[in-house]
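The chains carry the letters A, B, C and D, assigned in the order they are written, with residues numbered from 1 in each.
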Amino acid sequence: MMNHIEKLIEGFRRFRNNNYTQNHALFERLAKQGQSPKTIVVGCCDSRVDPAIVTDCDPGDLFIIRNVANLVPPYETSGTYHGTSAALEFGVRHLQVENIIVLGHCQCGGIRALMSQTPGVESQDGFISSWMKVASHARNRVLSRKHEESLEKQSRACEQEAILVSLDNLLTFPWILERVAQKKLALHGWYFDMEEGDLLRYDPDSNRFEPLS
Amino acid sequence: MMNHIEKLIEGFRRFRNNNYTQNHALFERLAKQGQSPKTIVVGCCDSRVDPAIVTDCDPGDLFIIRNVANLVPPYETSGTYHGTSAALEFGVRHLQVENIIVLGHCQCGGIRALMSQTPGVESQDGFISSWMKVASHARNRVLSRKHEESLEKQSRACEQEAILVSLDNLLTFPWILERVAQKKLALHGWYFDMEEGDLLRYDPDSNRFEPLS
Amino acid sequence: MMNHIEKLIEGFRRFRNNNYTQNHALFERLAKQGQSPKTIVVGCCDSRVDPAIVTDCDPGDLFIIRNVANLVPPYETSGTYHGTSAALEFGVRHLQVENIIVLGHCQCGGIRALMSQTPGVESQDGFISSWMKVASHARNRVLSRKHEESLEKQSRACEQEAILVSLDNLLTFPWILERVAQKKLALHGWYFDMEEGDLLRYDPDSNRFEPLS
Amino acid sequence: MMNHIEKLIEGFRRFRNNNYTQNHALFERLAKQGQSPKTIVVGCCDSRVDPAIVTDCDPGDLFIIRNVANLVPPYETSGTYHGTSAALEFGVRHLQVENIIVLGHCQCGGIRALMSQTPGVESQDGFISSWMKVASHARNRVLSRKHEESLEKQSRACEQEAILVSLDNLLTFPWILERVAQKKLALHGWYFDMEEGDLLRYDPDSNRFEPLS
């Protein structure tokens, strides 16, 4: 039986023989001229939601940040290593992308952990619970409105609210706010519903996530 | 002319009609039973190096963290939001993956920025230069040995050294070290050479990155 | 019976009658013109491994730093007293040495203490366990690879890995990195095996400690 | 012409053929049974003053700490790495030595730097000037009494006063004070005058450094 690492190596051989060979001219140009993606995607680490696959895009199209629950923390210059902020800075200021998509999805384990937490009880998950605090506004909004609903429904609502929190947080970065104000950069909230195979977009006018079709 | 967002939406429609439909049973099972990936990939945000595409893997196979230069910072409990550490914790302690692959690649913009920095001159890139400090040992090793080589050669060497720094840093997380020692978790350093379409693996015995074949 | 202090005084009289008298011109010149050693040795306090004796060198040859486990901590400007860093600064910037040798040895008590520590159990040895954290990367590497080997084998491996950590840390000092890059200063990792009476040198090409002969 | 590293390797071969071979039984016993030195020496890094050579002692006799100007900083538990304190802890609490000798010497570069500093002028030597603050009491005493004497005379006075400061600081370590009070541990201040080939000892009764003979 093939172990998982061997399977990935087999996969690389297929990639090399098919995708890489077919796109050889594109890879060559991308290697020579460097990348110039037009869009940043902030996606989740979840193994079921690969942004490049879900949008069937080409090499060079998407600059992709992936963290637990596709969160953008607020701008803050103290502390030490800010991985997501560094990636946003690289994409916005160096690559000068024109779009940032926060791509949420259903059944997010990080959001579920956040909604399951008993307030006041210190979680055992040091890094996760600390990281998920980025979305605490989203959690509070859901608890205030849907306190009696099931954990499933609360979590789905929180997954979408958390996208809005991240869109808000994006605007706390001065060089993002400036470009959005000048219409050089647009922010988008998307939500992949893997059960239905549907993609929803946040519509600021209706204040809802609406299906594409 | 189609703008970039419309192109991504077109891409999603293709994904839905092809990939999603063909894998419908898999997506349904993954939605119902949750994800159980066997491997974490720490990859770069670079638009040319999508881990799931380069390994041609299936939905549910890879838990993917993507940050600038595919770095793992050392374990540290102070500070505020640790996105990469939270994602590692989720993948290792909750999903119980069996492998962590640090996937570097050639022509990494983050590493290039690190190698181009004039020592002692404060960079304008607040978050990027702070984040790239994770790889400062790698930079130092390269400068000490290859001071007279071109920036291209230095950067390529640093891309590979930085993978080793991240492998070291992974071991600073107590719950990673414990599992590695018990042989429940294996750490891998991989390097994708997009110019050659080659995948190199770090071999601890030879202390070199060796091509797959 | 002669106590230990009297024995040392006896030793000084021998030194004065033999070594000092024979090298009188050298001592006189060194006193008048000052020292100009070409090499720093970072050695252990261990009573069995005296760097000047093991290399049978002359007065004025070696600028010798000795601390527990011959460690070099990373460059850091906060905190208060940095004895090893101050000594490196004196040797490198004032005396302008051309070599730094990190001289490890077998059966190092500090390394043994580090490898014996139960993770998560706070040690009673405040200063020692805090100091030995300099070598935690070395410990982690050994535990990840040799978890099932005896404490003796693990300690020996850690003694050698710790030398590599110190070599890395030397490069975090900007005025060391600069001189190494310019080939004005060379760094060496040596290991004295007192059981065999052998001296091993780290060879970066083979990534191994190789015997001199 | 032989370079300096080759010269040290030659020296090791001589050591191996002479000293190591002659003391083979002793080295073997020390390797098997571990070290049990009776004395700690806090010496200077200075290349002209090797404690083991100046006292012509045997392998295993002296546990030797060497830093700039043979200083003992006061006991303090904050900060990060305390190399000298860790070494004292190892020698006193683990090896249970019976003596600590602070071994100063004439023409100490660290003391000279301290006495040359213009008060209020920030030194360029970050680590050295910070480290030498350990001896600031010694400097102040000398300046208050010998303000008009030459830098040479001031420095020599300060070299001896600094030994007394270190003896004071040794007593700030609770496990040293306790052992000294119980007469299990004795503290000594020695001063090597390399110009005269003389060794002076501090005599608490006369409050002077007196020659051995």
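The rule is simple: a contact is a pair of C-beta atoms (placed from the backbone, for glycine too) under 8 Å apart; a residue touches a chain by one contact, two chains touch by 3 or more.
In UniProt terms, the chains line up like this: A, B, C, D = Carbonic anhydrase.
It should be emphasised that the depicted structure is a prediction, and the values quoted were computed from it without experimental measurement.
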| item | value |
| --- | --- |
| Identity of the chain that, by mean CA position, is farthest from subunit C | A |
| Degree value of the rotation bringing subunit A onto subunit D, based on Cα positions, nearest 5 | 180 |
| Shared interface numbering between subunit C and subunit B [over half = same, under half = different] | same |
| Separation of subunit A from subunit D, taking each centre as the mean of its C-alpha atoms, in whole Å | 58 |
| Mean-CA-position distance for subunit C and subunit B (Å) | 36 |
| Cα-centroid distance, subunit B relative to subunit D, in whole angstrom | 48 |
| Set of subunit C residues in contact with two or more other chains | none |
| Graph class of chain-chain contacts, one of line, ring, star, complete, other | line |
| Chains touching one another, given as label pairs in label order | A-B, B-C, C-D |
| Contact footprint of subunit A on subunit B as seen in their complex | 4-5, 7-9, 11-16, 18-21, 24, 27-28, 30-31, 34-35, 37-40, 43, 45-48, 50, 52-57, 59-68, 71, 73, 76-77, 79-91, 93-94, 98-99, 101, 106-107, 109-110, 125-128, 130-134, 186, 188, 194-195, 197, 199, 212 |
| Interfacial residue positions of subunit B with respect to subunit C in the complex | 119-120, 136-137, 140-141, 143-145, 147, 168, 171-172, 174, 177-178, 180-183, 187, 204, 206-207 |
